[in-house]
Structure formats: structure tokens, C-alpha cells
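Provided herewith is a single structure, encoded as C-alpha cells, for subsequent inquiry.
Lettered A, B, C and D in written order, each chain numbered from 1.
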Amino acid sequence: MIELPALPTEYQVRNPNFAAEVERVFSQAPFVQALGFQLTDFAAGRCHTALTLQENHLQQDGYVHAGVQATLADHSAGTAAATLLAEGQIILTAEFKLNLLRAADGERLCCQARVLKPGASLIIAEAEVFCLRGEHAELVSKAMVTLAVVDKR
Amino acid sequence: MIELPALPTEYQVRNPNFAAEVERVFSQAPFVQALGFQLTDFAAGRCHTALTLQENHLQQDGYVHAGVQATLADHSAGTAAATLLAEGQIILTAEFKLNLLRAADGERLCCQARVLKPGASLIIAEAEVFCLRGEHAELVSKAMVTLAVVDKR
Amino acid sequence: MIELPALPTEYQVRNPNFAAEVERVFSQAPFVQALGFQLTDFAAGRCHTALTLQENHLQQDGYVHAGVQATLADHSAGTAAATLLAEGQIILTAEFKLNLLRAADGERLCCQARVLKPGASLIIAEAEVFCLRGEHAELVSKAMVTLAVVDKR
Amino acid sequence: MIELPALPTEYQVRNPNFAAEVERVFSQAPFVQALGFQLTDFAAGRCHTALTLQENHLQQDGYVHAGVQATLADHSAGTAAATLLAEGQIILTAEFKLNLLRAADGERLCCQARVLKPGASLIIAEAEVFCLRGEHAELVSKAMVTLAVVDKR
């Protein structure tokens, strides 16, 4: 029987100094700073982020707004993709889809993003968002994200 | 030749006082208030919104963050759906997909959402986001949104 | 008040002989021929198709299979995109999303696809699928499709 | 540090005889039979399928048609969901999204679907499609699928 491959565990790095681009993607994005996202871990093809929930992240019925989860998933996926860029390239989200699995209500969100396909012009990544309350964590949403690789002007 | 139907132009309203729910969905959503969304128009099955862009809506390269557009599209679609609820029901986003057609860079976003299918348990809506700069407006993103109809606890 | 633009009604044609590519995309696709799709109309940025339903298009409960609708929507969107290619380019679907609005049960499907954004490397199109029974037609599904423009090898 | 949960490895089974429904979903779906899908394995919340590729599964440039992959992913996800239904319930696809990671060209497709969230009215599943050529297998597409749980009429 043929072994089906796990996803890439090794990614080809084009810019050895990719940490600088990751840092820029996080610290220079005003929307992400305004929301309070934290970059908790990253490596080639992967990115982990977190958000301490506050009242202004909620929607009208007290749950975490879908837009907060979407932004966290999209930005984490984009950052995972940014680790694989060559110097002088940037990423732009071409499209994403988010499934909200349960109403999210807790103290903190954690997001884990990883690249599924590193392409020369398109990078596809997925991102899982977990909601934490005390010692309890559950998967609340999952995104598939298509990112366009663009030369910086 | 059979005429293909345009989308529903008349929707069945279950709660004659739906304007109150629309108002609540907007004014009681802290994330939407924090971002500065404005409700500019609505009717059964439809919702128009706008956002005056500020620096804290941007990503790392100066474009409007995908998460801002996603939140505007999702919330507008949810509000369009909310016009069709019975009293005592609320909507929760089950999933959405957003295509970003061009990098968005301007003074203001406008969003037009409309219900494609009003169902008893699922409402499907689409939302178009336009970016305005001076007299120029262009479509920058489009979302398809699936909303779950839930009884308020 | 600024007028929000309708979608592009004029598209830039790069290959004046695009009808040949449209013809090829239809007649040389064995899966599409096996399913029985018909190309009913096309123009720059647009494509209309149809399918006379037979038992082998159905799923286990007698409705049109989601995969049949997905294939019709995807292929029609791809054909709409193919009208805008330069000579020597082909399109490959990068991703699509299909919302099924109601269970489809009838005699014939019609699909109308149009390009939302003609880009140099990505073309975004949407496709609406209608199900016809006697004189009655209703929208049964809608897709958003991202197509990659690739140089023929 | 809080351990983030892996996805559910145990699912609650409502119909101890779910194998009969799985069998029905496969053998009674004419489209799936016409395409030649095989059910290779299943368990509560999971389903594995395969397809030996033939010329009539291809698109105009010799690659596996996106619609074939979409149908395999959707039907496998639906079958995974069907293992968790109560007696008298059926599943209908509400929407799905498929990312095509690379052009698929090989001898056989294998699909692995699993439920991410088993809900009372909505079940969310994902499906990965691998393309096999000789001893080589690679992930060619991945879908997220939302399935509606409906009472059989």
C-alpha cells in the first residue's frame, strides 16, 4: 500500500532572513496592532498567533465576532506564507474561506497556520483558531487561504 | 425561451419590527462600533454599510486589511439576513468566503449585501465591497456568506 | 452621491480568435463531454451553458449531485475566463466555492458565468446555476471561482 | 501551557447501523457510480475513497477535471458525515470550497475525509485528495464542506 504523504514538514526557504519580514508583517500592520494580535511562534511555513479577548472583539450577542477570527486566521496564514518569500516579495490575500464551527466565547484565541502548498505565484495555507477558557481549549474556526506572491514596487 | 429569474426582489418578512433587530445588530456589536462601521440603508433582505478608512484599518503595505473587508462583508450580510428573522431568532455566521479582487486603497468602503436564499434554518447572502477614492469607486471584494438561524436562549 | 459601478460590461480581449479557445475548452474536455454539457452562448467575459438532466447526474436521494453543479459552474467560469486569455495561455482552476441554495430537482440546468475581475495572472469569475422544470426556473447554486492564467507548455 | 486539542478522535454514533446508510450513500448515487468511485474504508466520522483515473475524468489539457476532484471530495465528506446521522436523517451539501494545489495527473485518486464538527443540524467536514502515480503520491486538492442534516421525507 502506498503511504499518503503528510503535509510538507520541510519548506524551501528563499530568504534566510525571513524573520525580518515576519516581524514587519506583524509590527507594521496597524489593524493587527489595533486588535492586539501577538506573534507567539513561527518557523518556515508555519505561524502561531494569539489574542487576549476583550469586549471590543465581540458581536451583538456576546460571541467573538467572525471578523476577528477571520482576521486572525488570514493574518496568521499570510505570515506563514511570508516565511517562504524571496527578498523583495510581499504577499496579498487573494481569497479565503472561514468555517465557524461553534460560537466562540472565552478568554483567548490561539491560531496555528501552516502552508499546504508553497508556489511561486500562489501560496495556499490553512489556519485553525482555538478558543481558550481556563484549562479548556476548543477548535472554533478553520480557514483556507490563497495568497498571491507579488513583487514589492 | 424560459426567463431565468432575477434574485428575489420581494422577501417574506416575519417580524414587522425588523428595524429594531437591525439596529441592535449594529449598535450592540462592540467590534463593529470599534471599527467605525455605519449602517447607511436597509430593507427586507438587503443592507448597505460604509466605513471611512483610517490608518488603523490597514495592513503592513498600506492597503485595507482583508480582515476589515471580511468583517464589513460578513456583518452586512448578517444584517441583511437579520431583516428576515422571526422575533426571538438571532443569526450566527456559519461560514463565509471572500475574494479580494484588487488591493484596496482609498478613502471609504461601501458594502452592499443581499440575501440570495432565505431559508428557515440557513440564510445565504452575498456582499460586495467597493472602495471609493474621490469620484472613483471600484469593486474590491465579494463575499458569499452562510448564516445559521438560531433561537435566542 | 457616488455611483457604485456595475460589473465590467466591456472586457479587454487579447486574442481576437478567442472563440477557438472557447470551442477547444468545451469540445476537448472529456469529462464535460461525458456529462453532456452544452455551450449555449458566450462573449468576452461571459459564458452560458446547459445540461439536460439524466438519472446518472443524481445523488442517492434523487437530487442533482453537488458535483454535477460544481462541475458545470467551474467549467462555465473557466470558459468565461478563457475568452480573455492571450494566445498561448490556458486557465487552471485555483479554487472555487459553491453554495447550494436548494435541493435541485428538474429537467435541465442552465449556468451563467461572468468574469468579475480579469487579472494578468488570476481571473475571478462567478457562476449561477438554475434548475428548470417545465416553465419554472430557480437559482439552485452559485459559485465563486479563482482561475490561474498559465502559459501553455 | 494549555494543550490544543487534536480533532475529535471519538465521535458519538447515533445510528449503530450506520454502515447501511454509508452503503446506501455510495451504491444508490448514480453519479458516483457512473464516475467509478470506490468506498475503500470508513468509520464513525471518517471516510476513505478512491478512483482509478480514466480519460473521461480529464479536462481539456489532460489534467484531472476540478469537477472530478470536487465530486470525490464532496461525496467523501458527505459519507463521513452520514456515519453520524440518526436513523431517518439524510445529509445534503450546503456548500463547499475546494483548493486545487497542483495540476493533477496520475493513475489514481485517493480521498480522505473526516468530520471537524458534528452538529445537530450542520456537520462540517474536510477532505484531502491525493493523486497517485506509480509509488508517488501527492496532495492535489483540499475541501471544506458544510453538510445540512435533514429529516427524510
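The rule is simple: a residue touches a chain if its C-beta (ideal position, glycine included) is under 8 Å from a C-beta of that chain, and two chains touch if they have at least 3 such contacts.
Here the structure is a predicted model, which is why all the values come from computation and not from measurement.
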So which chain is farthest from subunit D, going by the mean of the CA atoms in each chain?
-> B
Where are there more C-beta contacts: C-D or A-D?
-> C-D
Which integer distance in Å separates the CA centroid of subunit A from that of subunit C?
-> 31
Round to the nearest whole Å and give the separation of the Cα centres of subunit A and subunit D.
-> 26
Residue list for subunit B, restricted to those that touch at least two other chains = 94-95, 97, 99, 124, 144, 146
Would you tell me which residues of subunit A are touching subunit C in their complex?
-> 94-95, 97, 121-122, 124, 144, 146, 148
Of all residues in subunit B, those that touch subunit A in their complex | 24-26, 28-34, 55-61, 63, 65-68, 70-72, 74-75, 90, 92-100, 103, 152
Using the touch rule from the top, collect the residues of subunit D that touch subunit A in their complex.
-> 2-5, 7, 97, 99, 101-102, 110, 112, 116-117, 124, 126, 130, 132, 135, 137-139, 142, 144, 146
